[in-house]
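Just below sit the structures, each encoded as structure tokens.
In what comes next, subunit A is part of two complexes: it sits with subunit B in the first one and with subunit C in the second one.
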Partner chain A sequence: MTALVLSAADELAGLHDEPAWLRAKRRQAFAVYERLPLPQRTEEEWRRTSLKGLDLDAFQAFEAAGASAPATPIADTAGVLRQSGSEPGKVEIDPELSRAGVLFVPLSQAAREYPELVQKHLFQEVRPDRDKLAALHAALFSGGTFLYVPDGVSIAKPFVSQFWSSTGGALVLPHTLIIAGRGSSFNHVDEFLSPDLERPSLTSGSAEIFAGEASNVGYVALQRWGNHAWQFADERARLEKDSTVRMVHAGLGARFSKNRVEASLNGPGARAELKALYFGTGQQFFDFHTLQQHVVGHSTSDLLFKGALREQAQSVYAGLIRIEVGASGSDAYQANRNLLLSNQAKANSIPMLEIMNNDVRCTHGATVGPVDPEHLFYLESRGIPPMVAQRMVVHGFFGQVLERIPVQQARELVEQELEDRIGF
Partner chain B sequence: MADFEIKDLRVGVEGREILKGVSLQVNRGEVHAVMGPNGSGKSTLSNALMGHPSYQVLGGEVLLNGQSLLELQPDQRARLGLYLAFQYPIVVPGVTMANFLRTALNAQRGYDGKDKAKAIGPKEFRELLAEPMNTLRIDKSFLSRYVNEGFSGGEKKRAEILQMAVLRPTMALLDETDSGLDIDSIKYVSESINSMRGGELGILIITHYTRILKFIQPDYVHVLVNGQVVRSGGSEVADQLENTGYSEWVDEPAAAAAVAEEV
Partner chain C sequence: MAVAPRINVGDDYKEKYGFFDPENYVFKAKRGLSPEIIQEISWMKQEPEWMAKLRLRALDIFRKKPMPTWGADLSKIDFENIFYYLKSSEKQSTSWDDVPDDIKRTFDRLGVPQAERKFLAGVAAQYESEVVYHSLHKDLEKKGVLFLDTDSGLRDHPELFQEYFGTVIPAADNKFAALNTAAWSGGSFIYVPKGVKVDIPLQAYFRINAENMGQFERTLIICDEDSFVHYIEGCTAPIYTTDSLHSAVVEIIVKKGARCRYTTIQNWSTNVYNLVTKRALAYEGATMEWVDGNLGSAVTMKYPSVYLMEPGAKGDVLSIAFAGKGQHQDAGAKMVHAAPNTTSTITSKSISKAGGRTSYRGLVKVQPGSSHVKSFVKCDALLLDDQSISDTYPYIECDESEVTIGHEATVSKVSDEQLFYLMSRGISQVEAETMIVNGFIEPFTKELPLEYAVELNRLIQLEMEGSVG
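Let's look at the complex of A and B:
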């Protein structure tokens, strides 16, 4: 049993047989963690987000593998990685793809075997010094996935990583690093799950995506941690010229879930699609901060976050479109829609623009409200009972995001999860 | 007693009385038209009959085949055979037409997700749709589109009539069904309605203009002004309105021209 101390970073590095450079990186990040205070509500980003009840001293630094993970419901994959607790993950990959130069391995193994590739990218987009929790993630991350697809390689079947937690009371901080070679094309699904547990856990599920020139990357995060989890995660993509990244985040689990979803567009013709859906029930709290950063012009970003909240569930959305000087000819769209399914549910939505340029097209919008009674009346006027009508409208509300989930089985899984939550 | 009876119906909206005692009787097989100028209460009539929550019934009675409707929810009224073709069909994002129609048919058949024998099968569903879709010139791709989303005015109204053809009500309220229709659409829509006409179906056309009545000849015409029926008669009432407009009851300049809008 190890608390959150420096030696925990060494223990984790040892458990994963990490090279010295990564061990040093962990130690550096731990120093940042120790130096920084917890985020305060006086900071704009945390103004509507309370960390009351979060006790970092209550967590063990890592979780032993407990009960075995359930099989991922996504069959017919290019490769699967399974990781339980903080134990190193196990990988199966289509040998054809290995021969083609595709690397799909636990992150620590990649750090050992391909240090030049990993060192250059790891924690470059998801920065440890952003706040105390990002530093903690970098210092004590519990393994994760490394996926590298070489130039020109196109893969139809998805890669799936499944992270499973079964005991609670500890940190479970998987990290995903994806590097897409020039003109490559593939989809990756991260599935984070656990049952509801007695003791609180601190979880993440951070991902860095480097989309090379003209690559096409689909990334899906299925956040299904149990209701004992405090989740803090950063998903960030860096896009080069003519690349396309499609990110879909499904926020379904955790008691508290704080996610930053960001894309930086660094080449003309780059296109980032950032989609998310979340469904809060009971006391769940979701916080999404998004950034569409147009560093270079003639790039496109399209963001749509849709959430439904039941009972006392709450959400915060704050999104920023930033068009840098010189990024002319950029198109940026941002919308956040919230459906309140009870009188006590609350949603906050704050869209923001920072435009250093004139020649751009930007739209943003936010809505918060109950199910439209006209929608219900129309369906009911055809003989559809009110409960069924309500289900249809709520399900339909998510349709625009669901249809953008690039992997069909992941889409079906999310649909099923939504059905269970809609079940009035 | 008539198959569909509206007795002294009084309805308010936001505390203001709009319908001030309307009585009408429609028997199966008959086509009635309710005509009236703007603000006469036509939309209030159709919405209140269907049970829209924003309309408060202040008094009166509505009976369909002897069963009182006013205490019932909209979906219950629909399952008893009442149908409303909306003046402004509602867009329901993310719900496909196919899902919508199938769910409505299943609800009519009492399928609640359990007894699969009650659910409509894919073949029967296709067969039910084939003929009205053909008459209404509705393309198959339409079924995978979201309910009324991105539909043109004509497509929306044709979709309303398609739903009617599939659900086979015994009493249909057609609220301004011809408004926003291009000439092709009005032909397809009236052809479809005329093919359903007669038999078990009663129809109440609610309209400002006489245009649709040239395509669907009413057996009876009622004039609604200021929340009351001021005249009832045969189709000659519509002919007369085409000449005089509603000027007899309301101060409406050029009312005659407005009533006889060009076809």
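Let's look at the complex of A and C:
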């Protein structure tokens, strides 16, 4: 097996039969990885996030295919990609869509067959130089999904990619690249999962979304890595004129999970919806850093992150709305709500605004608190037992995010998962 | 279309307020900072040895601490080009008649004591680094209230002083607290005995006059059980060409059942760096209120904080910030809930215009075991034109489940609809905009003593008038 050395990047590239330009890209990113130190707690972004116990030397560079997926991917789809560990993924797609010019293939294959499309976009929005872990992801990413929907193509059924890990002790770093043509419309679901494993592993699940003019893209990330996982991921969408992107992140798994969820609005009429829910139990730790960047005015962004924490679970939310100079007529909303279900749970919330233009509407809010006793009282006064009442309130708390999941099958899956966790 | 109103606070400063008197100092320390200068300050003041040692230790801490990399841009401060101590007259004046004429003139120009003496109990007017005028109302004296400049506090009440000095804000708290501890001079020392309610506000004026002179006031307020005091600090300064540094430390102890209100109107000229550490400890059932207005200075970094130490303590911060051309107001508040059943509210209003930048930076922290905490933060920002900037950085850190914390913020411009409504009733645009801005900061002005509220309203009115058309 291979440790985290430069030759690992080549080995991975070989495993996926990648073209020379992508190998070069991996090598470049690896150089950045070697140059940068681990993020320090003196850096503002990491002040509340401890990497104590993270030992990069303990990980193998990739994970061979192991057992079959712990769960079947959601049904009734336009296309499915399955990938185990670092092995190249396997794709099934509705042939009708292929004929319409839709490309839904493993990322490495796309790099080989459609270099002009991939090269221009890959790692342009998710930048390898942001920190050591982003560089590691770009250097040793274990394949992933490439989805291209041509201009004007509208697809009702969702695309689904399922990534799983079954041995632990290694890097599993899938990457998703989505390019939406003008006026196209579709949904994509990324599912990351593994059972709870003995050995720690380092996982990601980064996604780049390029939403072309007037396109309409739904993206759902279901993060259900086992409790052995350190997870670091960047999800970032770039929106052109009149496009709409709806991103929903469900943070359920991993012992340590750090996600940056970002949208940059680059055209008038662009609309980004960033929603997330997270439910921490045991020793789980969640860190979300979000960015709503209004580069061009007359654009809208709407962010809602809701989390519940039980036992000793902890969360950090830090979000920024940034209205650039000249982005007049921007409308931005940002809210983070935290439900603390135990005395030892801990939530940090930092909703930030940086506004460089006066003709805007920006509102944000954050709350941290227990289940509202008044809500409980109301339900109990109607004869509902306390435990049931509590479940109902917690369920209702997530309702606002659940209903924004653009893919019904994914919504049901998350609901089921929440149900299991709420059951005290 | 609405024309963005322009409020010219800071413009025309020299014409309006930028008077200054010829320098006339008994003692003038050399520029820069060294153990020798610190020792000299301490020797000049005839301080006890422990204070001299504390100053030197603080200087050491100051040297070791890095400059903060967050917040406003502080890179232009040159610590070696500042006077760390100036004493304007040898002897402490005891009555108004003894105050030197040129200093009186400055206060007259400010309209300070003549009009307000009647209303206010004592005036400790700080001119330069030293309190030169100081009077204490006889009633207060009888009640046992101490209202001194901090140097006299150290000299006359050494035990009380040593018990509390540096306990709320130790020198190692931050770089500028260390600097202040090393070089402090002047400020107010207040002690309110058990059960005494001071029903008229205590007030001190601070002035910077010598070019490149740092002011490092040190204020210490002790409110004993069930007492009440309202202290007012107000500033205005003549305009100068090179940057001045103002780095005060304010320590307040509010004991069981007591209430303290601290009101600041900060209107330094727009070349001053105003880097202030203000903190209060509130004990069982005590209430601490900061009312904080930031209008002047080039850069302000100030986050009044309340540590809620025992059950029932309450903290309150109400602040406005105004940033005009070249100004950055990085202000906020900090509430640390260290006990159960404590509550806090923060209300922040900010106005930016002509490229000015206002930042709200705040923290609400709930320590483990502090259940049934309630905290609410509200920040509103008004941007008067499209070059100005507004930021909001509210931090919430919560270690406890039985708490309710909320934060809300909005950023907007002067609403076209409101303008239209007022103008359709025959009110001129300037008047309408003035009304809207005054209405925006009204929650703040209504908490001020009458004469301050009138002054503030008048200031805004004046600035709005010259701005349009």
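FYI, the second predicted complex is superposed on the first by the 421 of 424 C-alpha atoms of A that agree within 3 Å, B and C clash if a C-alpha of one lies under 4 Å from a C-alpha of the other, contacts with A are read in each partner's own complex, and residues count from 1 in each chain.
Definition applied: a residue touches a chain if its C-beta (ideal position, glycine included) is under 8 Å from a C-beta of that chain, and two chains touch if they have at least 3 such contacts.
It should be emphasised that the depicted structure is a prediction, and the values quoted were computed from it without experimental measurement.
Superimposing the complexes on subunit A yields a three-chain arrangement in which subunit B and subunit C fit side by side.
Once the two complexes are overlaid on the shared chain, A:P370 sits against subunit C while remaining clear of subunit B.
In the superposition on chain A, contact is made by A:H395 with subunit B only, not with subunit C. For subunit A, the partner with contacts to more residues, out of subunit B and subunit C, is C. Once the two complexes are laid over each other on the shared chain, residue contacts for A:P386 go to subunit B alone; subunit C is not touched. Of note, the Cα-centre angle with subunit A at its vertex and subunit B and subunit C at its ends comes out at 70 degrees, rounded to the nearest 10.
With both structures placed on the common chain, the touch criterion links A:Y378 to subunit B but leaves subunit C unconnected. Fitting both structures onto chain A leaves subunit B and subunit C with a minimum C-alpha separation of 13 Å. Subunit A uses no single residue to touch subunit B in one structure and subunit C in the other.
Residue ranges of subunit A in contact with subunit B, taken from their complex: 373-375, 377-386, 388-389, 392-393, 395-400.
Against subunit C, the residues of subunit A that register as touching in their complex are 44, 48, 325-326, 328, 338, 340-370. By the touch criterion stated above, subunit B contacts subunit A in their complex at residues 50-53, 73-75, 78-79, 83-84, 86, 89-90, 92-95, 99-100, 103-104, 107-108, 146-147, 163, 167. Of all residues in subunit C, only 4, 70, 368, 371, 381, 383-413 touch subunit A in the complex they form.
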